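Here the chain labels run A, B, C and D in written order, and each chain numbers its own residues starting at 1.
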Amino acid sequence: MKYKETAVITEQREIAPDIFSMWLQTDAIAKEAVPGQFISLYSHDKSRMLPRPVSICQIDGTKGRVRLVYRIAGKGTEEFSGYGKGDTLEVVGPLGNGFPLNREYDRVFLVGGGIGIPPMAGLAERLPGEKLIVAGYRNSEVFLKEELEKNGKLYLASEDGSVGTKGNVLDAVRENHLTAQALFACGPAPMLRALKAYAAEQGMDCYLSLEERMACGVGACLACVCRSMDVDAHTHVKNKRICKDGPVFSADEIDLG
Amino acid sequence: MEFRTSVNLAGVELKNPVMTASGTFGSGAEYSEFYDLGALGAVVTKGVANVPWPGNPTPRIAETASGMLNAIGLQNPGIDVFIERDIPFLRRFDTKIIVNVCGKTIADYCEVVEKLSDQPVDMLEINVSCPNVKEGGIAFGQKPEALETVTREVKKYARQPVIMKLSPNVTDITEMARAAEAGGADVLSLINTLTGMKIDIHRRTFAIANQTGGLSGPAVKPVAVRMVYQAARAVSLPVIGMGGICNGEDAMEFILAGAAAVSVGTANFNNPYAAKETAEGIQAYMEKYQIGDIKDLIGAVHL
Amino acid sequence: MEFRTSVNLAGVELKNPVMTASGTFGSGAEYSEFYDLGALGAVVTKGVANVPWPGNPTPRIAETASGMLNAIGLQNPGIDVFIERDIPFLRRFDTKIIVNVCGKTIADYCEVVEKLSDQPVDMLEINVSCPNVKEGGIAFGQKPEALETVTREVKKYARQPVIMKLSPNVTDITEMARAAEAGGADVLSLINTLTGMKIDIHRRTFAIANQTGGLSGPAVKPVAVRMVYQAARAVSLPVIGMGGICNGEDAMEFILAGAAAVSVGTANFNNPYAAKETAEGIQAYMEKYQIGDIKDLIGAVHL
Amino acid sequence: MKYKETAVITEQREIAPDIFSMWLQTDAIAKEAVPGQFISLYSHDKSRMLPRPVSICQIDGTKGRVRLVYRIAGKGTEEFSGYGKGDTLEVVGPLGNGFPLNREYDRVFLVGGGIGIPPMAGLAERLPGEKLIVAGYRNSEVFLKEELEKNGKLYLASEDGSVGTKGNVLDAVRENHLTAQALFACGPAPMLRALKAYAAEQGMDCYLSLEERMACGVGACLACVCRSMDVDAHTHVKNKRICKDGPVFSADEIDLG
């Protein structure tokens, strides 16, 4: 089920420059959400009609809360960052499919790049088995480090080398001679492309969370498609809807170009 | 007091004047997760062609002030899958089914219309005004003679009443409305999207891959109300009004301007309950002003 | 690094590409209480006719989503008072003066243009696209032949470069742009307002007395950018872009689309410093991306 | 001079159903404002571009504050009513001309109808001489009573007779046999029309504050005109700009139709 709720912000703080962490009281959504799903946030400013899709970072089903961690990327996220405890936001969710949690792997990679790191925190909490978490940052402005360390072994990479391996997430994997049976990732497109190739090379199962501009967020408008290897079930034209068929795809389903 | 919200479009009785705008509501499946589609007068489907269309490259949409641009490019599974899957799905709800038809040539339109002729759908809406595909579509929607011709041809194959959907990208909407009427249209719907463009100034490129896209949402509502007003007075056909409707108050503007029914489009993206709430809002307006029959409000703006 | 923001329009050198949109800035007096008009490339005045025009009844405006409708009806004191009072006032500032001219007949336009021919104004902008007066105006702006004729006639009397201001209420803006070019226009400006309507559903009447009005503001920006892009590629004249510009980022969209200069209109009502801040914003963009000359950005969107 | 300021709300409360009183810290404006002038308030919601003109109710020049009292009439005023202490609003002002304060009258009427009452509070504070204040309400939901009583003799009228004279402000004037040399008024158009006729009949000077939809609020766009008896200085067509030439006019200047 999907719900539209008026969520109440129970906590918001800036956890790194321009990166905000927000806990939302949103009972129905929190109860059903799984890691890898996202929710649509709506602006109070009515000049902005479209939802802002944001991945669920952590889920507190007991308290009925979800945590979002987002970067200020434009006017909408800037608006959200100005709200505080007690303010409300219209939200719709949980949306999309989430990462597969039912496969039994002994050891998995959870790889997050930049603002793709947050969903890895919630995934690490729910995924069984040993977790090797690789988080790629731009620089020393790291965030969610504690949350990630709690549920797995954390390896850092940074573009400027100020923390962890200097380079990208794959550099960190290689530098630390890491191996696993499967790979779960979220981050910028070039990173996902490289990870897909790496997983194929290593014979790992690979699940990637994609992004695209969205309008409906629920699968109705066909704005957010990605190319798929096979004809899709919905329109039979090798286009999958990221909001509905994804955002998490098995890497071999999709054509990353 | 009783409040009658039903309207009649070319013999088809809708329980209320609210429908969905083509392309914003799929074939209803996604929004049926939020509410019973029986709350609506009709569901208008995404445009369907004779064969599957892959649509345009992404990004396909961009947000604009109180609106959005889209260039989906009419991605659709083709009429055969549609008939097999979408019609049976929609038949489960107590609402009318209106199939939006797109094509590149007159023959394309006629092929789809013919395939639908023995199907349990209530009306057909012919999209001759999509600005987002290179061939066909918009060309028929911007020249009166072409519009009249395509209308006449389609009518030959149609068993259901035909709605011709007009483009707002014209100098004189009344000329287009009259052309559709002359071609034998049963109903008119307007407006489709206004052609627009957004530029990403940081990447110095177009915000959507197709360069231009169709502008929709509250931004266009004043243009839409004006055109509905003009079209409704130019012809004697019922008119379905749309363009930026978000709630009952917006819908009432169109109805007072002369629309016999209204469609909710972009607003669904802002609020999945928008179409249902629009129907409720119309009812609330009638109750507030104690108007017993919605028909008494159609075109009832004072001059 | 030095950043050159000056642009040249038909031989007239503007210190920066930002001007005011006619009708939103009077003759500058009111906004000169907020800042020195010398911050702007040019001030474009409210439309002036051969004789005083009383304009339309009130209400003359209505707010719409991210925009507004206006039907001022070109109230103006006539060219004689204008020459006596407004030109000397504007001459006090280090900015170019562009006089917007309105009329009901070709003879009206020519009379005003002739009276301005020996006046110290830099350019003339001919408004053939006002949707808010019954006679004249818009009629010239919607038919290519009429536009070409009025352009040619006006050019006979004009000593200053002539800007033809185009209406967006047309099927094909490139056809109109070419007609103005054929008639001898020196510069094009667009867009004027889109014809719109708002209905007051509680009083069941039109929100503005004139029934229809011109839609402007951020709502129309995507349509304006698209038309500027199309017009700039259709003719070899410089184009002045406008429609919803509120800041330097909006202005950059138009410049990248092909506008050699831009006008700020409705945004002045939201922020009296809008035009000045737009000029500053363009400069900031150039600094951010280290572009030394604004001319290198005109039409520089990647295809 | 006119100023654009980011004003800070120092206090806001609902003083009658849907009627809000708001004090704004707006130094430059407060220093120069006079009773009868107004300020333009701007929405944070960018789908609303146009200013909301609101009359200045009271001025505290020392603290640099102005008070506004407004009724929720639509989305803009609804937005404003949701803000509280510490929130900010973009404002432009002071706008328009204000009531004439330099004429010497022994006794004057200050007449306010409905949401036209607020400017009378500030005017009563600044106008010399004896003040007969007549305030017309819809019903018993009166507001600003104390403020008005402080600076003059207050007479009430209400449409439903629940307070003061049953009827309109003129009924209250007649019932109390009031007379004065001049009349200052703000309120709905029919009231102003009746007052203009009454003042002419009584040979009183009469100043009326008018309203019209505004776009620029500063005299540039010609949206807000009223018909004037003589050709106006600005466009020579017998149209005066309410925002610039008014909102206060001598009754004999204007044609109320």
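The working rule: contacts are C-beta pairs under 8 Å (C-beta built on N, C-alpha and C of every residue); 3 or more make two chains touch, one makes a residue touch a chain.
This one's a predicted model, so the numbers in the text were calculated from it and none came from an experiment.
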Problem set entry | Longest centre-to-centre distance from subunit C, chain (CA-based) | A
Exercise. When the centre of a chain is set as the mean of its C-alpha atoms, what distance in Å lies between subunit A and subunit B?
Worked result: 35
Problem set entry | Centroid distance [mean C-alpha coordinates] between subunit C and subunit B, Å | 34
Exercise. Using the average of all C-alpha atoms in each chain as its centre, how far is it in Å between subunit B and subunit D?
Worked result: 46
Exercise. So, what's the distance in Å between the C-alpha centres of subunit D and subunit A?
Worked result: 54
Exercise. For subunit D, which residues are shared contacts with two or more other chains?
Worked result: 46-47
Exercise. For subunit B, which residues are shared contacts with two or more other chains?
Worked result: 65-67, 217-218
For this session: Considering only which chains touch which, label the overall pattern as line, ring, star, complete or other.
Result: complete
For this session: Going by the contact rule at the top, pick out the subunit D residues touching subunit C in the complex.
Result: 1-2, 4, 42, 46-51, 90, 92, 212-226, 234-239, 244
Problem set entry | Residue ranges of subunit D touching subunit A (in the complex, touch as defined) | 44-47
Exercise. Where on subunit B does subunit D make contact in their complex?
Worked result: 65-66, 218
Problem set entry | For the subunit B and subunit A complex, residues of the former touching the latter | 23-26, 29-31, 33-34, 46, 52-55, 58-63, 65-68, 70, 72, 75-78, 81, 217-218, 266-273
For this session: Provide the residue numbers of subunit B that touch subunit C in the complex, in ascending order.
Result: 64-67, 69, 142, 169-172, 194-199, 201, 203-206, 211-213, 215, 217-223, 225-226, 229, 244, 249, 252-253, 256-257, 285, 300-303
